Each structure stands twice: as structure tokens, then as C-alpha cells.
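Below, chain A partners chain B and then partners chain C, in two separate complexes.
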Partner chain A sequence: MSAVAAKPQAGGAMNPGAMAVGIILLIIMLGICYMVSPGIGLVALIGVIIGGVLIGFGVHFVPVGGAPAAMGQAPGIATGVAMLAAGAGLAGLFGGAWAAEQGFVIAIVTGAVGGGMMMAITCMMVNFVYVFGMGIPAASGKVAKDPITGDTQAEYKSQGTEGHGLPFVSFVGGVIGGILGGAGGTLIYLELLDLYKATLPGIMSVTAAQVMPIAVSVAGIFAVALFLVNAVLTAYNITGTIEGPHDPKFKRWPRAIVASAVASALCGLVAVLIVAF
Partner chain B sequence: MSVKVEVIEGGVPHNKIMIAGFIGTIVCLYLTYLNVLTNTGLFAFFGGLAAVFALIWGSHTIKVLCSYGIGTGVPSAGMIAFGSGTIAMLFATKFGVYAPIVAFVLAAIIGFILGYVSNNILNMRIPAMVQALTEMAVVGALTLMGFAALISGGFSFAGLTTGTITTLGMALSTHQISFLGGCLIAVAFLLGAIAIQHPFNACLGPGWKQDRMLMLTAECGFLSMIVAAIMSYALIDHISATISLIVALIGWIYTYKQYLVLSKRDAAAWLDSKPIPDVEGH
Partner chain C sequence: MVDIVFGIGITALTGALATIAGAAEDTESNIGSQGDPNSQVQLAPQMGFMHRIFNKAVAGEPPAYGLWCALGAGLAWAFMAMQINPVLAIVLGSVLAVFVQGVYATTAYLGRTASLAKFGQPVYVDILKSMTTVTMAHAFIAIFATVALCQLINGALGHPFPLPLLGLIWGITLGAAGSATGNPYYGKERQYQNQKFGAGVPISASGNIVRYAEAGERNSLDNGWFTAKIGGAASGICFGLIVFLELWRTILFEQIGAGWGAVIVGILIILIFTVVDRYIEVWARKNYGPYSEIKEASS
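What follows is the complex of A and B.
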């Protein structure tokens, strides 16, 4: 079988055995973290896992169209998951990081609003371009009626396409995805920032004020890295494109929850180990 | 010239590129350690060469993975490579002289588990997935370590977090002016991520040729190295930074010219159209 001929066999099916292995891996990593850093490290790791799961779940809501959407042959925003999730999530992360001084809840909410705003603006401008630039109406190919507005879709769908434009439900899905992703990214950043602010001064034998740039920078780059890992794993789960929460592919989210939890626990554990050794 | 479809299968085998890339990267990374032994910054440019070696290896890994049509676009592969690589690289810097080896081992473990997660839990079922994600995490970690050595002159945690600032003739130690404190790692992250995903994204298709893609990778790597060398003026002495910049410029100009030659070779028909002449009398 040549590399070109082989296509991915990914389907909607769950793999219970592998999921069990994943959950065992998750417990092992939490156990290792409890051994090396039972207090602040374990709290940070749990925060990182929750943040990673929020990102993984949130990406399922975002209407990712990919190349077909750019040609007006499929609904969604015309780019890949990695770019879209990174755009929305990092916008939220930067917003949340900016508000980190204001307290935990305000920072998370700011991050969520930042991510949601970014997606709302993106979805709106995408529809502007679709409707006024390309001259195509918004129509979903996956459902007969928009689940929120109840508008019928089939009349507006061109033959030979899977729909086009950005229906209302996709718009709402994009904003929800941005909110979840922004909140998740901010949560990862805040947890790691607290951990590094508390432990780095002792390790490097400097004052808390001197260590701030390093704590902010390392927590920030870890949050970005974890965000991208979770976003790409979710992209693998939905094999590239999804219309939003009404898409049948959305039902695959339990797999992504386990995958994101394992990946976040793995990366978060290494992030904790940096200051635990 | 006829286009052969089976050319996709041809070229140097992937394992050979992987071994050559790995050895080249590790050797170049350790050559930057001469900085510590001789107490200068003159050997920082080897970090950039290590990054170029790793990128060449990584772009071919992306070719192996993305030939299966994973449906998420080629850039996502570059993003997960550096996302997982950053984490391994930062942890490895704690181990001083053993940092490249620790980065390799830890990145391989992280990449292997991520490969297992995507192949089994997410049900991707792609034969090359586990090995490709393992290699890519290693490439991400070693590329970042190369850029770190290029920009700051070393790859130890202390070196990456401490810099000096000269005020009124006095050299003061500071954490703000450093590879991590100034968050130059974020720039290095994207310089590498773009350089690793662009070549296959640009060259894929029925006319794909291995040597052309790898030459483009080297070109992108040296282009990133130019930017990193300019950033290194902030952290290492000007002579060393200038050496890095000159090496990067020479490498970039050479690979760019070679890439143009290879592109013209593979083009179906190439015509050197002159600028439109001014026609008089209109």
C-alpha cells in the first residue's frame, strides 16, 4: 500500500480499550505529580488538565471550513483548526493574561470574553466576505433546519456543495468555542504563573520581583504550547472540518476529552517537574 | 519533461534523512558548548546550523505524515511539533551539558504518547502517526534548543534566564534581558514552526521532488536564522552575533539560489519574461 493510496480510517467509533489506557495514563501522571509535588504542583496540574479539556471541547464548536470553504463549497471559516483555534485562544489568553492582576475569576472571564469576541468578529467578517464578496448565501449542508432560528437550509444550498457561508448556528458555535478556548488557555496560564511565582524564587535564589519576567514568559509559552497541542489533537478528532455544534462529527467529543486530558496531563506534568527538581 | 507520479516514492529514504538530521543537530548543538569551554560567544552560530539540520529532518517527517491526507492541513503538524517540543526543551535545559540528550529522550516520550493518543484514542489509524509525532516532537525540541543557543550563546537554564545590562559603565545581572525573561522563545517558536511546515505545504503535489523540498527547508531555516541572529545582538557580544548573521546570510543566499535553480528544473516550461517594453507611438 503506497502512502498516497492509504486514507485515514478515522470514523466516529469509540475505542474503549484505548480510552481505558488513556484514563490509566492520566491517573499515573496525577500520581507522579502527587509524589513529587503534592501541594501546589498537583493543584496546578489539575488546573492545566481542566484548561486543556476546555480547549479540546471548545474547538468542536468552532466552524472550521478549510480549503473547501475558501471555494464556497462547504460551510465554515476558510482555514484550518490549528490557525483558527490559535487565533481565538491566543486572543483570549492575551486578554486574560493582561487581567491576571485583577484576580482569578476576572482574569478567566476576561480570557473567555476575549476569545469569544475574536471569534464573533471573525465569523461576522467571514460572512461579510461570503455574502458581499463571493455572493453566496449562508446554508448548512448537514441539517435541514437551523436548530436555533428554525430557518430551512435546502433552498439556499447550491447543488454539488455541502452548503456554504456561515449559518447562524455556526456563528453561535464559533462564539461558544472562542469562549471555552479563551477561558481554558487563561486557566492554564494562571495556574502555571501561580506555580512559577511561588517556586522559581527559591530555585534561582532571587527575589520575587526579579523572577516575574521569567515566570510570565515560561507560563505564557507553556500555555501557548498546550493550547496548540490540544487544538491539533482536536483537529485530528474531527479530521479537519466541522460545521459547528449541529454537525454529526460533534458527537465525537468524548474521545477528544480523554485525549486532551491525557495530553494536558503529560505536558503539564513536565511543566510542574521543571520547578519540582 | 514528463511528470512521473511514482517520483513521490523516490529520493533518499526517510530513515537516512532522520539519522543524518539527528547526528547533524546533536553535533552542532554540542559545538555551541565550545562557548562555555572557551568562554566566548563565537560558536553561537552552530546553534543556527543545528536548527537548520533539525528542520530539514522535520520537514521530511511532515511529508511522510501528511502524505496520508490527515485532513487538518500541513501547518497543524508544525504546530504540534513545536507545542510538544517546547515543553521538552524547557525541561531539558535544567540538565546542563546533557540538555540535548535529555531533550531528545523526553521529547520522544511526549511525542510517542501523543502519537498513541491520536492513533488509538482519537482513532486516526495512520501507520506513520506514532513515529512521525515522536520525530516531530524531537525536531521541535532540538530546533528550539538550537535557536536558544544561537540567540543566547548556550542552552543551560541559568544562561537562558540571566542576561547582563550595562548601565553607566557597570555590568549588572538581570533576568529581564534574557532568552526566557524577554520571551524571545515565543519568536523562536514561530520562526521554527513556520519554517518546518512551509516547505511541504509549498511543494506538495504531483510535481513534488525531494531535493527541491529539502532545499526550500534549508532556505526557510536560514531565513529564520537571519532573524534569530539579529535578535542575538541583544544578548551576546556584537562580534559573535555578526558572525552568526554572516553565516545565516551566506547560507540563505546559497540555498535560495539553489532553490530557484531546482524550481526552474522542475517547472514544466520556464520563460524569462522581460519587463514590458515601452512601445512608442501610442
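What follows is the complex of A and C.
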């Protein structure tokens, strides 16, 4: 294998040793939580880890082109991976938190749809500006044909570029990313809200009604913070830009899943310890 | 029924505020050159192209607007707790947040431009004086509109999140929507106005941004004027649609089917935008055609 051919594999290589260390760390943190708060605290932490993993996985779907996309030199949305995913996920969290009173499943689905809506609108407007503002059709630089529509891509790439705009598969990837991010952020919020609603009245010696604003605020801040942690972590895994689920970089997701789980477990443990220790 | 009518009115108002915020945000970021296209503003002097473009991209637009809107909302919330009229409190909170934005813009321009001294790029004091105030004015509009819509969502529509947290969430979303929609128009269409229309900028042309205007050297006010026409308007529509449709589906359909009504409407909205996006993509392929005719002719 030549050095040139080895490059992409090295970037996306899985390190079994690091993955094993990550899983051991995850088990240790779950064990600490079990020792401190075996009931509601452990359930909340598991919810936070699942939410974090959903966010980390979802960010891989979001087509982000960064600076090259802003010049029409590469496909994707012309902004940062972490920030776009955070924007979508937080829009979902906003909707999910609003629907929290209507039940667990409704709230998570509402959050997911909110994130998906944000991405659908944003991706459509990106193509709108490319096509009607700049006269440039969408073209992928990573695949010969769009895996969903079968549209050929190469002849629609302008000279000297990697492609531009959002081919349909990237649009769908963006919506899926928003859905997963919105669901994950809402799940984290709901789990922490339940934890704080149950524990804060006893700690602060106030009624359940009085503690609600504090519980909502703290759970909301932790949900936003965990969102940013997982989005930024995944951005490092992607290293710059990604076109969506058809991009070879997408195959790196198992590494991000473990990293997101460990980071979420650590942050979630702090969120549990402030009320359970 | 009265509640629903009231809710629809508030939803329309928040949608209008969000549209203004989106347009002001994109124009502000283009005048300040804060989005991803700023890579070219930073690169140009290194390639030998000196310019008079403002340069304040220390952070991306989403975290910057997350900070400023959270700051404006937090201060407005504190002023309201001091029994100050909400409108005045939001104005005061936004003004104080804009001062932080002004400090950020000033230090960012001086720091980033000074780092290019080895390539001969001067720090223009007149640019600093004339551009900073214009970005601050646009930032005020964006922050004020965002904090005002957060207050409406919290106070009138009853969202559980406190005002500062809503400011953070919608500030980040504002920056994400504005940079996603507005950046390509500034980056490709304005900075590389010397390149062919209807094609991406060849990678070999990187750094060779347009530096001259109709009279004299181009500055960032010219860029704000140009991008406000399409990039700014598109960013405003994008953020306005996000806020309006999110609230609209919740206010009107949340009570139907124990919450599932809002979910189904949300899914329908996603499907509608998917169809519209596909239509735009196919329309462009049909009307603009492929780029590879030259290759076919030579073969």
C-alpha cells in the first residue's frame, strides 16, 4: 500500500486499545454513580449517556463544508460542524422542553422533529442561495452518483472545485442529524429534570412547585452544555468537513460513539453528584 | 379560542422579529467579516493582496451570538427583576451586550490584523473607527430582536426555560442559520466577484479577493451593502421560518392528539421542505446544465 493510499485509513483508523480504555472508564463512572445514587441517579446518568451518544452519532450526518463551502469550493453548509449541529439540536431541545409536560415519548419525538425542521429549513435555504443567488447547482465531490436519487455528480462540479451546494443525500443527512441531535438533547434534559425535581426539594427544603424554575434551569443548562461537549468532540473526529452519510469520513462514527459515551458519562456524573453527594 | 388567537399573534410577531434578527445578523457578520469567508480575508495579505476589509473572526457566528444574546437576555432579565419596564429592560440589556460586541470587534480586528504585520498588512485606524460602530448598530438590531422574541416566548407563550437560557439557545441557532445561509453569498459572490458567475471559486484562486470598488479601495461597508440584498434577506427568511414554524406548530396543534398533532405537522413541514429542496436541485440541473460540455467537445 502506498503512503498516499494509507492516509485516509490512518485518519479513520480505530484504535482498539483506546476504545477498550474508554469502555473501562465508562464502566468505572457508572460504578461510581451506582455507589452514590443507585436508583434515580443511575437512571439519569444512563439517559445522559444515551442522549450524548445520539448527539455524537447525529453530528456525523450533518453536511458541513466550513470555509471551502463559503467559496463554493466544497459541498456542504458553510459553517462549523459543532456550531451547526448545536443550532439544530438546541432548536430541538427548545421544542422538546416545551412538550415535557405531555410525556416522555412525546417530548423526545417533538424535540427530534424540532431539530429536523431546523435542518430542513436551513438546508433548503442553503440550496436556495446557491441556485438562485449564485447560479450554482449542487454537486457532491465524494460520490459519482447521489445514493438516493441516482443523479450523476461529476459533470455538475465546476472547474477547480470539490463540488458545491447540498446534493439530496446531504439534505437528507442534515435532517437525520437534526432529528438525532434534537432527540438526544431532549433526552438529556428530561432525565436531568426528573432527577432534580425529585432531589432538589429535599436538599433545599422547599416545595416541589418552588423548585421547578431551578430544576428546569439547571437541567436546561446541562443539556446545552452536554450538547456542545458532544458536538465539539465529534467535530474533532470528523476533522474539518463532511458531506453526510455517503462521505467516507462517516465510517469513523464508532470511535465517536465511545468518546461521546465517556465524555457524557463524566459530565453526567457531575450533574448527578451536585444533588446526590 | 382567545388563547389560540393570542398565541398566533405572538407567533407572527416572533417570526417577524426573527426575520429582522436573521437579516441584521448576516449583514453584521459580513461587515465584520466574521463567518467562514473570513479565511480569505486573513489569507489575502499572505498571498500578497493587501486590503481594507474588517476582520473580527475570533469565534464563529453561533457561539458569538450565543454569548451576546445570552448576555442581553440575562441583563434584561436582571433589569426586569428590578421592576424596570420590560421594553426598556430589553433595550438596556441589548445596549450593554452590544458594548461587549464592540470590545470584541475592536480587539479582534487589532489582534488579527496585527498578526499579519510580517506580510505588510497595515492596521487602518479609520477602518476601525468607521466599521466597528456599523457592526455594533447591526448587532444591536439582531440582539434586541432576538431577546425580544425570547421574552415573548417566555412571558407570553409560557416556555419553561428562563430568559437567559432562551437567549443562549436562540442566539446559537441565529448564528447557525445566518452563517449557513449567508456565508456562501458573501464568500463566493462578493469576495470573488472577479470570478465567473455560476461556478465555484477554483481553489487556485484562493486569497485573490476583490479589493477595489467603483471608486478607491473596497471596504466592509460595501460588502454589507451588497450582501444585504440577497444573503441578508435569505438569512432573515431562514431564521424567521425556523422560529415561526416551530412556534406555529406548537401553538396551533399541540392540543390535538395529546401532543402528536404538533409532531405530525412538524413531519409534514419537513417533507414539504424536502420536496421544495429537491425541486430547487432539479431545477438548477435542468436550467443551468452540466459544466462538462468542453470535455465532451474535446473527446
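Keep in mind that, in the parts below, the second predicted complex is superposed on the first by the 267 of 277 C-alpha atoms of A that agree within 3 Å, B and C clash if a C-alpha of one lies under 4 Å from a C-alpha of the other, contacts with A are read in each partner's own complex, and residues count from 1 in each chain.
Assume contacts are C-beta pairs under 8 Å (C-beta built on N, C-alpha and C of every residue); 3 or more make two chains touch, one makes a residue touch a chain.
All figures in this text were calculated on a predicted structure; none of them were measured in a lab.
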Discussion item. Following the superposition defined at the top, how do chain B and chain C come out on chain A, clash or fit?
Written reply: clash
Item to complete: Considering only touches as defined above, state whether A:A154 meets chain B (first), chain C (second), both or neither.
Response: second
Item to complete: Give one of first, second, both or neither to describe whether A:M117 is in contact with chain B, with chain C, with both, or with none.
Response: second
Discussion item. So in the superposed three-chain picture, is A:L195 touching just chain B, just chain C, both, or none of them (first/second/both/neither)?
Written reply: neither
Fill in: Dominant toucher of chain A (residue count), chain B or chain C
C
Discussion item. Looking at A:V48 after the superposition, I want to know if it touches chain B, chain C, both of them or none. Which is it: first, second, both, neither?
Written reply: neither
Practice prompt. Give one of first, second, both or neither to describe whether A:C33 is in contact with chain B, with chain C, with both, or with none.
Written response: neither
Worksheet item: In the superposed arrangement, does A:I221 touch chain B (first), chain C (second), both or neither?
Response: both
Item to complete: Tell me which partner A:M83 touches in the superposition: chain B (first), chain C (second), both or neither.
Response: both
Item to complete: Once the structures are superposed on A, label A:G66 by its partner contacts, choosing first (chain B), second (chain C), both or neither.
Response: both
Worksheet item: Counting only touches as set out at the top, which of chain B and chain C does A:P213 meet: first, second, both, neither?
Response: both
Item to complete: Would you tell me the residues on chain A in contact with chain B in one complex that are also in contact with chain C in the other?
Response: 66-67, 80, 83, 86, 213, 216-217, 220-221, 224
Item to complete: Could you pull out which chain A residues touch chain B in their complex?
Response: 2-4, 6-11, 13-15, 17-19, 21-22, 25, 66-67, 80-83, 86, 204, 206, 210-211, 213-214, 216-218, 220-222, 224-229, 231-233, 235-237, 239-241, 255-256, 258-259, 262-263, 266-267, 270-271, 273-274, 277
Fill in: chain B to chain A touching residues, read off their complex
8-9, 64, 67-73, 75-77, 79-80, 82-84, 86-88, 90-91, 94, 106, 110, 113-114, 116-118, 120-128, 158, 161, 175-176, 178, 180-183, 185-186, 189
Discussion item. For a test of understanding, state which residues of chain A touch chain C in their complex under the given definition.
Written reply: 66-73, 77-80, 83-84, 86-88, 90-91, 93-95, 97-100, 102-103, 106, 109-110, 113-114, 116-118, 120-138, 149, 151, 154-168, 171-172, 175, 212-213, 216-217, 220-221, 224
Worksheet item: Where on chain C does chain A make contact in their complex?
Response: 35-37, 39-40, 60-63, 159-162, 165-166, 168-170, 172-173, 175-177, 179-189, 191-192, 197-206, 230-231, 234-235, 237-238, 241-242, 245-246, 250, 254, 258-260, 262-263, 266-267, 269-270, 273-274, 276-278, 280-281, 283-285, 288, 290-292, 295
